[in-house]
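Chain lettering (A, B, C and D) follows the sequence in which the chains are written, and residue indices restart at 1 in each chain.
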Amino acid sequence: MDQAAFAPQWHISEWLNSPAAIDLEAQRGRIVVACAFQMLCPGCVSHAIPQLKAMHELFTPLGAVVVGLHTVFEHHEAMKPIALRAFLHEYRVRCPVGVDAAANDGGLIPQTMAKYQMQGTPTFLLIDRSGQLRRQIFGHISDLQLGAEIMQLLCEPADG
Amino acid sequence: MDQAAFAPQWHISEWLNSPAAIDLEAQRGRIVVACAFQMLCPGCVSHAIPQLKAMHELFTPLGAVVVGLHTVFEHHEAMKPIALRAFLHEYRVRCPVGVDAAANDGGLIPQTMAKYQMQGTPTFLLIDRSGQLRRQIFGHISDLQLGAEIMQLLCEPADG
Amino acid sequence: MDQAAFAPQWHISEWLNSPAAIDLEAQRGRIVVACAFQMLCPGCVSHAIPQLKAMHELFTPLGAVVVGLHTVFEHHEAMKPIALRAFLHEYRVRCPVGVDAAANDGGLIPQTMAKYQMQGTPTFLLIDRSGQLRRQIFGHISDLQLGAEIMQLLCEPADG
Amino acid sequence: MDQAAFAPQWHISEWLNSPAAIDLEAQRGRIVVACAFQMLCPGCVSHAIPQLKAMHELFTPLGAVVVGLHTVFEHHEAMKPIALRAFLHEYRVRCPVGVDAAANDGGLIPQTMAKYQMQGTPTFLLIDRSGQLRRQIFGHISDLQLGAEIMQLLCEPADG
């Protein structure tokens, strides 16, 4: 899903590390970087969570919105918000994290994950100032490339 | 607690990855290596769990009993057995793991952890063929030293 | 030396991995990324050389000029060009590497290193399309930040 | 070459980090651990050299003799003793390192490497108290296993 298209609205049941809900449409004019993860996904814990933390530290001061999305599609009983809260505390994740809303029909895939047709975790979303989903990356991406791709969006003019 | 003393019995409420309970006294004649951890402890996940898996792979064929102990002393709601089960599955931990029994008095520290006066997680226990607790290590120990210490116990004669 | 100033010309006695000398002034219109290193500097080998290789792979196709500079200021006998050639072969460094020219006065610090007043190795130089030295970083910089800083220069218009 | 056989004598042209030559036969009664490496071999630098340093620190106080052997079979001009000396200084290798003597017939393989029929670097040699070569490992061995194998030899009685 690399072609540009408007990034679908997220369906979040609860925001952690944030005083208020983060509405995607309200971010127009800013770039948004999201990392969809599961707290019990080993690749997320070893790579994506450190990247999420480093992106938050580096790009938030530059005006980007950096958030995590907890997109639980397996082991639902083990990754409820109370467990996520403990995880974020222990791993010192300080950026906002939205809990992807459970499927309406009782299915395993939560709503945002389904709408973005994510293939698994981790998945990175890069959304530009105009609200277009410019990149969706499933799995591993190097820090060097991630930094470059985010900066590319940051360099685009606000009225681009 | 480096001086030798008989290793106190464990109080385990449930064994995972094991067809039966593992009774410590019944292991006399074999050496026992235990790694006490919490599934949401970052240092456990990055270091101690890989060590537990490697010890199980290397030393079980040599006759050692290698087990994990899930000693939850914080975030109890987030680390119940159903969450531990998902964790062990995702991190491919195949060795037996005992769930340290909750305190009788409603306290935070589980029973085995309390009896061994563990200071936190991870904690490694090395128990010799005669049932003596020869080493209790809190925190990080290098693989080189861990391998050496376990082999030292394995080299001791059975009637030592 | 973070304020912008024209990047001084390099003094290179020999170019490896390059059919011709790379003249810094001739690169106007392109951004130039240089990593000054020593082949026997542990921090260079463990961090900067992998970064140099990754930068070359990622940013050369985007029009950047990525080079190494071998700035030997100690153990000169051990790091002659014949040793450097073996090092580049073994570590699979494929980008151009210039050998910083020895001091004219018999001093230890080679000429380019002296002119840029580098404090040691590794040192990264980021030069923009107009030939200005925009960043000089001594020591460690994270991949995330390095990727972002290079992309920022790449996003500047050619007639900036 | 895992079957036990007497460890052939080494042919060393120069010892570094040692006040005197280390004669293998004179070590009877002690176990000897050698790591054959090349200073420009990436796998040696990233894995075997840290292992050599850790073995020296851990097992020398326990009575083992831990040494490096610089077995140069390629890029000879780049890895002369003066370069090795700089390498050992920069990487803070403090244990004795013997320079494997060049072939008598002008061949590329140095004498000790040839006699032990090493396939490349790194190669670890574990020699027991009686002078038998108990293990010869080419390539990577985990720290856990390395620690265990060395301790196994240390646990054997001196008159074994």
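Everything below uses one rule, namely that a residue touches a chain if its C-beta (ideal position, glycine included) is under 8 Å from a C-beta of that chain, and two chains touch if they have at least 3 such contacts.
Since the structure is predicted, the reported quantities are computational estimates derived from the model, not experimental observations.
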- In the touch network of chains, how many steps separate chain A from chain D on the shortest route? 2
- Item | Of C-D and A-C, pair with higher C-beta contact tally | A-C
- Task: Give the label of the chain whose average Cα location is farthest from that of chain D.
- Result: A
- Whole-Å gap between the CA centroids of chain B and chain C: 50
- Could you tell me the distance, in whole angstrom, between the mean C-alpha positions of chain C and chain D? 36
- Message: Two or more other chains touching the same residue: where does that happen in chain A?
- Response: none
- Query: Taking chains as nodes and touches as edges, what kind of graph is this: line, ring, star, complete or other?
  - Reply: ring
- Complete list of chain pairs which touch one another: A-B, A-C, B-D, C-D
- Given the complex with chain B, which residues does chain A contribute to the contact? 40-42, 45-46, 74-75, 77-79, 82-83, 85-87, 89-91
- Listed in rising order, chain D residues that touch chain B in their complex are 51, 54-55, 58-59, 142-152, 154-156
